[in-house]
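Here subunit A shows up in two complexes: once beside subunit B, once beside subunit C.
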Partner chain A sequence: MSRAVAADRPAAGRSLRHRLAAVGLDRVVLLAIPAAATIGLLFVYPFLYGLGLSFQPLDGGGVFANYRAFFNDAYQASTIAKTLRLALPAALLNVAVSVPIAHKMRRPMRFKRLITTALILPVTLGTVLVAEGLIRYFGPQGWFNQALLGLGLIDAPLRLTNNYVGVFASLVITGFPLALLIVLGHASGIDPDVEKAAATLGAGPTQRFWKVTFPLMLPGVSIAFMLAFVAAFAVFPSAVMVGNPSGETRVISIAAYQAAYEQFDYPMASTIAMVMAAVELAVIGVILGLRSRLYRGATSGGKG
Partner chain B sequence: MSHVPPPAPPRRQLTFSVSSWILVGVVAFFLLNLAALIFSVLLNSFASSWFATTLPSGWTTRWYAFAMDSFRMGRVLTATAQISAAVVAVSLAVGTPAAYLIARRDFPGKRALLLLFLLPMLVPPITYGIPLATALYKFGLAGSRGGVILANIVPAVPFVIFVLVPFIEQIDENVERAARMCGATTWRVFTRVLAPLTVPGLLAAGLLVLIRVLGMFELTFLTAGPGDQTLVVALYYTVFAAGIRPGQAIDAMAVIYMLTTFVPLLIALRFIDPTQMVVRMKREAGA
Partner chain C sequence: MPDPKLRHLRIEGVSKSFGGQVALSDFHLDVLGGEFVALLGPSGCGKSTMLNCLAGLLPLGAGRITLDDRRIDTLPPERRGFGMVFQNYALFPHLTVRRNVAFGLHARKTPSDEVGPRVERSLEQVRLTEHADRYPSQLSGGQQQRVAMARAIVLEPPLILMDEPLSNLDAQLRTELRTELRRLHQDLGLTTVYVTHDQSEALSLADRIVILRSGRMLQVGTPEEVYTQPAGAYVAAFMGYRNLLPAQLKEARDGRATVLLAGGQVELDGVDRTGDGVGDLVAAIRPEDLRVGGGSGGDGDRNLIRCRAEVVEYQGNELVVTAEAAAGLSLQLRTRERVAPGDELSVRADPARVLVFEAAS
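Up next is the complex of A and B:
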């Protein structure tokens, strides 16, 4: 392949292949085909197929009948609010707590590797196991209630499972480590010299954090919030296992699942999935829109 | 040469301020609860019975035998091993060439390609899992082991790409040029020069995909028939149908699941820093 190219020819007689290669399109680009075809076939096509299906309601009634049915049925439409009520506060809390901790952990410290390793555990274990653990640990006879009773803080066991609290706890347990590791990964890239420079100019610790470090951390923080939100928005197993799946934690993914696997109404299930994607992408769009207005220049001092 | 003592760590870190103590307390509280959560599952799996006491009243290992028998663990473990092996192999084979391209070249449409690979990581599995399962049903692929593998490949391929790109970028391009100058063909450059240098990246990507497939509930749940459940889905069904089943046996199954994810995680941590395990896509997203 390369031998043919090696023979120099006058520029005037260049073939199409040469002209394409000049803009960066040569045979190496073909390497993307297997991966792009896989994603196209297994992600883009099903998504479009589902979108098409959502406009073909089982019972007729026009193109938008499924969407009308979803939004006019309070039991279904309220799942959006229920999901957001879980996902937004959970993502916000996870990220808000992560920022000061990551700020402190940025400096070299003892046990850092141990702590980050312990934090990756709940991300690895996944929501099903965390939910099962919460049933034991947060249950009326679990250690958490026993400890509170033993300390005399409460008189009767708190009800922490089969409701909003249980699902929220599961979202914090799996979401907080994720947010902290993302913020930390981003914050470690900020040059400490930038902060020192601010100090020489007379900025105190508070000013240094709010005027220098925090703005530099914000792009990473917004990505962390976005991913924490995406993970929390799709809450499914824990909403069923430690939540109240027919009441306050009937999130939108449960509605989609029930349409597909209990009523076998695939068009309706696709409709709910599309609504879910639209709501979620709208939130992501807002975050990315705000993010694009942030400073995203160098995070290191010196000559760049 | 005179001996230069290494710079002493600044004393400042040892004198914690009040805010530092609060933050340390928050992390400690979190980790303590996490440990207690995992331990209560672990202890319960060995408990003969455990009601409203600090520790179980007696110890036994019979729940493991019970779980192996009554939850068809043999079949579940075989299905889990086959599905995860297939997903790791396919996603590495498909993702590696694309990762090489993205690491080495600039070309028109690169941003669009990156967006295509980023989307499956931004849209949660249950959102595209339902249309995907519907499409797989249309072609008669859902409810089969092949369908589960196909569904799990979707998030795995972009993941492989974003893990591998930084590894490939680290390899000096001059090594490739030198090999070419010495007469190596493209194929030989790939197999004799690039592949050996990429092995740590391939291992890391493979292990991380393995961990993700083992923990991937939604996609497997939506596409698996009764015979193709992976461990995490089988665990969900067991909890869901609880009542007639002893809780200790469910926890025995949960412990077996934990072990299957811990082992690859411990190996993976030898190659990668935990913070990097979640931030790989950051740079691409910020590009």
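Up next is the complex of A and C:
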């Protein structure tokens, strides 16, 4: 009916809004164009440029020479495992801790705003500031060790920085708030009556969590995990400052940095960046694959 | 009709406050097996609080609840074994209709060979067999609420609690589902406590109605009792007495009262329901009990009010007229006569249908 009416009028007389509506678009969608263009210019173009560069090794040897060099050099190739060893457990821990906290914080409770602020604060600090704090607090001369030494609980300072532990701690501090925000945002959309219904149907607290709440939280949990993982996988400042950048925390971004700014081998640096992207995409692919097998719909019963 | 699973639910002196605000005070009720009891009142009257206390979703402030002499108010909701139906359905969105209905059976560790047949039977009872494999979001509101009912009745609970189950549905579906609710209640011998703010729902469904206001019980009675003999002005207003006219007592004798309205300009005879208080009074009259074109009543000018039609609303087989009488007294009446705004009317109220209450009752 309305289509017929619209067709009767000359096309020139119709507004932009009507013409967009005819192809299923809203005018507001146009606001996304600058952002999309920026992504195109600042992300897609450098990415493709880097991809091209990675196939043009400085010393020749064929298109895949850089990739061969990276994977044949154990010192370089091991950075993948080292980074995964940091990023996967850190992301998992951040998400695992977020789930029970978000589950409790869905309900109205006292000091909720204060607690949220305290938990979210690390997001506003840069990773550098967090690393600084870790050195001052957990370093050999830090308050933590001094206090334990003073109390006579230990004889020598615990090694908590300049190794795996330091970097892992910094990843938890900076990654946890992000994970919590996402899980909490998703969990607050779950209708609280659903849990009450489960209770009246005879499900105890444990059953309610595993059979109802957790399945409904899973989509948010998987997004939080992916973002926490990607953020942790690109770890750089803390791996240098509170890690052991030539040993156990020589993460893949350090390898890329060294190739680019110490050896001035841009094609090799691009190659490492591409490997990094491939690993991230592989992990995200696995999560998305698992997710597609689970419920992904609304968190409340539809037309409420 | 099958035997109810419960003989006697007793609620004794239940109270509940939220941060100093009294939500429910001294609630007493005995529910017999097979009864359909409606808790009726506006939002904030305490009816949902009472239901949540029954379900175990809220701890009691004071009082006790016993089921066949077994104390249950200290049990968590999952151990009371009641069925509950929520206003917003509260279905599990990640489970199919069939698995929603089976949820309670699994939670209560029902032998697995029993689960399938019982789920199928409940789905038949709410006529949803063909939607068993859908997800809640693929169903209409009415269908979702029927799933919620199936989910509750499949457990054959001693008591079913319903918290405004029809409020989210459109008018036509509401009447349809109302009939279905009553049919299920009768066919399955359920005992039901039903919360609603809609008096027509309470009147049509319930065997007994409890009317609440600000956490207090105002009246308990059969639908006919609360409809024809409201205990006070507030209940009367809820039961369709749209005209609550401020009045002064002229004389009261033998259960009859004569009151003066509009500063003495109108005199009205009615049924004395003031008790022995001496406060301000109201005369309560239903719009349909005000008849246009008095005069010929036989007893002269008794209970005759002269007024002028202000607003006339057409409602199909009748008109709803808002009219103004002397001294700003506003009346609402229903009539089949032709009335136009501005018409001078004289309306008569049957003295047996005018109730005189204390204004604060």
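Assume the second predicted complex is superposed on the first by the 264 of 304 C-alpha atoms of A that agree within 3 Å, B and C clash if a C-alpha of one lies under 4 Å from a C-alpha of the other, contacts with A are read in each partner's own complex, and residues count from 1 in each chain.
Going forward, a residue touches a chain if its C-beta (ideal position, glycine included) is under 8 Å from a C-beta of that chain, and two chains touch if they have at least 3 such contacts.
Just so you know, these numbers come straight off a predicted model, no measurement behind them.
Contact with subunit C, but none with subunit B, is seen for A:Ala197 once the two complexes are overlaid on the shared chain. Put simply, more of the residues of subunit A are touched by B, taking subunit B and subunit C as the two choices.
Within the superposed three-chain model, A:Pro89 lies out of touch with both subunit B and subunit C [touch as defined at top].
In the superposition on chain A, contact is made by A:Leu216 with subunit C only, not with subunit B.
Subunit B contributes residues 9, 13, 19-20, 23, 26-27, 30-31, 33-34, 36-38, 40-41, 44, 51-52, 54, 93-95, 97-98, 100-102, 104-108, 113, 116-117, 119-120, 122-128, 130-138, 150-151, 153-154, 157-158, 161, 180, 185-186, 211, 215-218, 221-222, 232, 235-236, 239-240, 247, 250-251, 254, 257-258, 261-262, 265, 269, 273-279, 282, 285-286 to its touches with subunit A in the complex.
Residues of subunit A that touch subunit B in their complex: 1-2, 23-25, 28-29, 31-32, 34-36, 38-40, 42-47, 49-51, 53, 97, 100-101, 104, 107-109, 113, 115-137, 141-144, 146, 173, 176, 178, 181-182, 184-186, 188, 219-220, 223, 226-227, 230-231, 233-234, 236-237, 240-241, 253, 256-257, 260, 266, 269-270, 272-273, 276-277, 280-281, 284, 296. Those residues of subunit C that touch subunit A in the complex are listed here as 55-57, 76-84, 86, 88-94, 103-104, 107-108, 135-141, 144, 148, 151-152, 155, 161, 168. Interface residues of subunit A facing subunit C in the complex, by the touch rule stated above, are 191, 193-194, 196-204, 207, 211-212, 215-216, 295, 297-304.
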